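Pasting the structures in now, so scroll down.
You will see two complexes here that share chain A, one where it goes with chain B and one where it goes with chain C.
What follows is the complex of A and B.
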């Protein structure tokens, strides 16, 4: 138990800060993913064929390629590209890196954005067409229609699906450990290898992930209940 | 923790002695390690890197008059990130293999852990092949090495020796003990340990780096190392510093520093400290 204690003798504080890091990466990735998802959904529902084609390409590729591969592409390919650009046009020399947090959050945001796209698109399509027509009939502007009719209802339909996307993002952060970012997975690997006690630390990591996912399940449940207030229950 | 602090102080002291101009000119070298492979390199509970390679890296950098930074990197992707330029060298218990040589260069080895035989403490082999702390290189067949091999051959006549399949250790048995002892291949080293304990085999051959921690565990309390240790030749050259192919300059500096650290006994001292046995490559 001393192994998991706080301070210089134990790994408790390291694991705690690693958990915060996991939470930070996951939150940043999920929120940015929501932006990508909204743009993607808007593009998929657009009247313009080329926008739909771009969004289709995005979701097809990002949902069809292993997540680890996307992270590798971003991490190694990304820094090679940035280095090249910086050396060529900004007059720097040598390696220019993007930090592991930015790369990791961006990679997971793009992945979770692809899933969010489909969730949001489905939610928008679930809104009865009649309501939109009625809003137009009373002369609502597009912005007002979005604010009063589309957004609140779509959010309600989207919440359960977005809860899933969040859990995915949370677990995908484990893959970022390959970049050396010290989140739960990397920290438990370090501790396991340094103390030769793999079971203790991987079990601790599993508990930490479970705490995070259980708390977020509860939070999303509360959010769903709140968004359903005023709705008749079957 | 103490050691890390001491080495920081030592570097600072050297910097003060040498004076800032010379130190200012020192080039920067970023070295990656895994930080999770005790005792080669690991992280202590306060988050500091420590271990054989961390101490050695600091020593080599002093010899190269370089300003070094040691960073931790996950084992997966440690080579791609070197080639991407994230750091300049890898010291992470990485064996020099032909496959890795296709993508990066290796310095001359700074460690080679000998292959050794392990038997049960109750076995007559402990008397027939007593522990020989000397390590023999197979690179050149000296009369000494030949004698050591002959002793092994005599002791294992008609015995059954277990080994992990498709390893350099299996190649050794195929080459030197074929027709003398029965070689029994196993999928993992743990499996030959189980059969050794059960008495199905008389001995097992693996790396000393594997045996030492194993023998300290409760499962290994009835086992003991016998005979001589072997390195070189078909065992490959050992563990070296990984460096980008383009960095010929850095490679030759590391080579020089490693040879010097091997000659004056630094590698031996550090390896006694961390491994409790000598990992200095023989020639």
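What follows is the complex of A and C.
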């Protein structure tokens, strides 16, 4: 148990900060993913065929390619691009790396954005058409209709699905340990290697992930209950 | 309550022949030669009607005759292919888009005019995430940008009038159909509309709930509100209207005082329609 204690002898504090890192990457990725998801859903519901085609391409690729591969593509592709730009215009020479946090959060955001796109699109389509029509009939502008009627209603239809997307994003952060970012997975691997006690640390990591997912499931459940006020329950 | 002029004193004598664009001061709504097609199906084939302040116009006809489309074209929920709509003398300006379809020239004008037309739908369409009170004050507060306390006070009075004041903190899903429709009428009234448009307001209701909604509409008619009512309730239409229109396949087949249209129509089709609906 000493291995998991706080301070110099144990890995407790390291694991704690790694958990915070996991949460930070997951949160940043999820929120950015919501932005991508909203744009994606808007594109999919657009009148313009070319916007729909772009959004279809986005979700097809991101949901059809292994997540780890996307992260590699981002990490190496992103670094190569930044190196090229920096060498060409900023007068640097040689390899320029990108912050592992930024690249990791971005990669997971792109991935979770693809899932959010489908969730948000479904939620918008679930809003009774008549309620949108009633909003137009009282003279609401498009912006007001979006803010007062569409967004709050879409959110409540989307919440259960977004809970899933969040959970996925949280677990996908384990994949960005390959970029060297010290989150739960990476920290457990380091600790396992230096103490020769892999099972202990991977079990500890599993518990940490479970704590995070359980807490967030509870939080999403609360939010769902709150948002479902006034809904007839089946 | 607003004052409405019923043939009040007018300054000057009106010209013998109204000039182009000239309007009588009591004109609330005017529709000229409205056309609308859905794909190859022509639903409105040139419908014109005028409503003066205080008019209650009943619009009847078989399903598919275009009555709902007519109402929906007036507030541009459907954009007519041709024709003119004027509300309170103001013409809704239209233009032809690049794809050859007509569309409103200025969406903000449409939004403004819509806020002067109170629409009541067959399926109520209350906003399910808002309580009844919130439904009623939503547009006055956010579209008309009036002070919230004033809107709440008015909303309470209106809800009281339609008989559901005790439901104001409930969500729509917890109300009966009749109560929801009365709430929807309250929502429309809260905008102080110039004209009320009723699109088959009782068609989605259980028979025992129809009466409570018709009572509210009748009360509004007695107050002198300008209303267009699309309905299948022939008896009610006859009682409450001062003019009736029978639509058949996108055209006005019969029009006149209710006694004529319902009691002694010139059109054989209209006669048959009314007989089959009594």
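We adopt the following convention: the second predicted complex is superposed on the first by the 232 of 234 C-alpha atoms of A that agree within 3 Å, B and C clash if a C-alpha of one lies under 4 Å from a C-alpha of the other, contacts with A are read in each partner's own complex, and residues count from 1 in each chain.
Just so we're on the same page, a contact is a pair of C-beta atoms (placed from the backbone, for glycine too) under 8 Å apart; a residue touches a chain by one contact, two chains touch by 3 or more.
All of these numbers come straight from a predicted model, not from anything done at the bench.
Taken together through their common chain A, the two structures put chain B and chain C side by side without a clash.
Look at A:179: by the touch rule set out above, it reaches chain B but stays clear of chain C. In the superposed pair of complexes, A:140 makes contact with chain C only, with no contact to chain B. Looking at the shared chain after the overlay, A:148 reaches chain C, while chain B stays out of its contact range.
Working from the superposition on chain A, the chain A vertex angle toward chain B and chain C, CA centres, sits at 170° in steps of 10.
Contacts of A:229 after superposition on the shared chain: chain C is touched, whereas chain B is not. Looking at the superposed arrangement, the partner reaching more residues of chain A, out of chain B and chain C, is B. In the superposition on chain A, A:156 makes contact with chain C only, not with chain B. In the superposed pair of complexes, A:128 makes contact with chain C only, with no contact to chain B. Closest approach of chain B to chain C, taken over C-alpha atoms in the A-based superposition, is 49 Å.
On the side of chain B, the complex with chain A involves touching residues 1, 34-38, 42-47, 71-74, 76-77, 80-81, 84-86, 213. Residues 3, 7-11, 14, 72, 75-76, 79-80, 83, 94-95, 97, 177-180, 186, 189-196 of chain A are the ones that touch chain B when the two sit in their complex.
Within the complex, the chain C residues that touch chain A are 75, 77, 107-108, 111-117, 119, 121, 123-131, 138-139, 142-143, 171-174, 184, 187-188, 191. Against chain C, the residues of chain A that register as touching in their complex are 128, 130-131, 133-142, 144, 148-149, 152-153, 156, 229-232.
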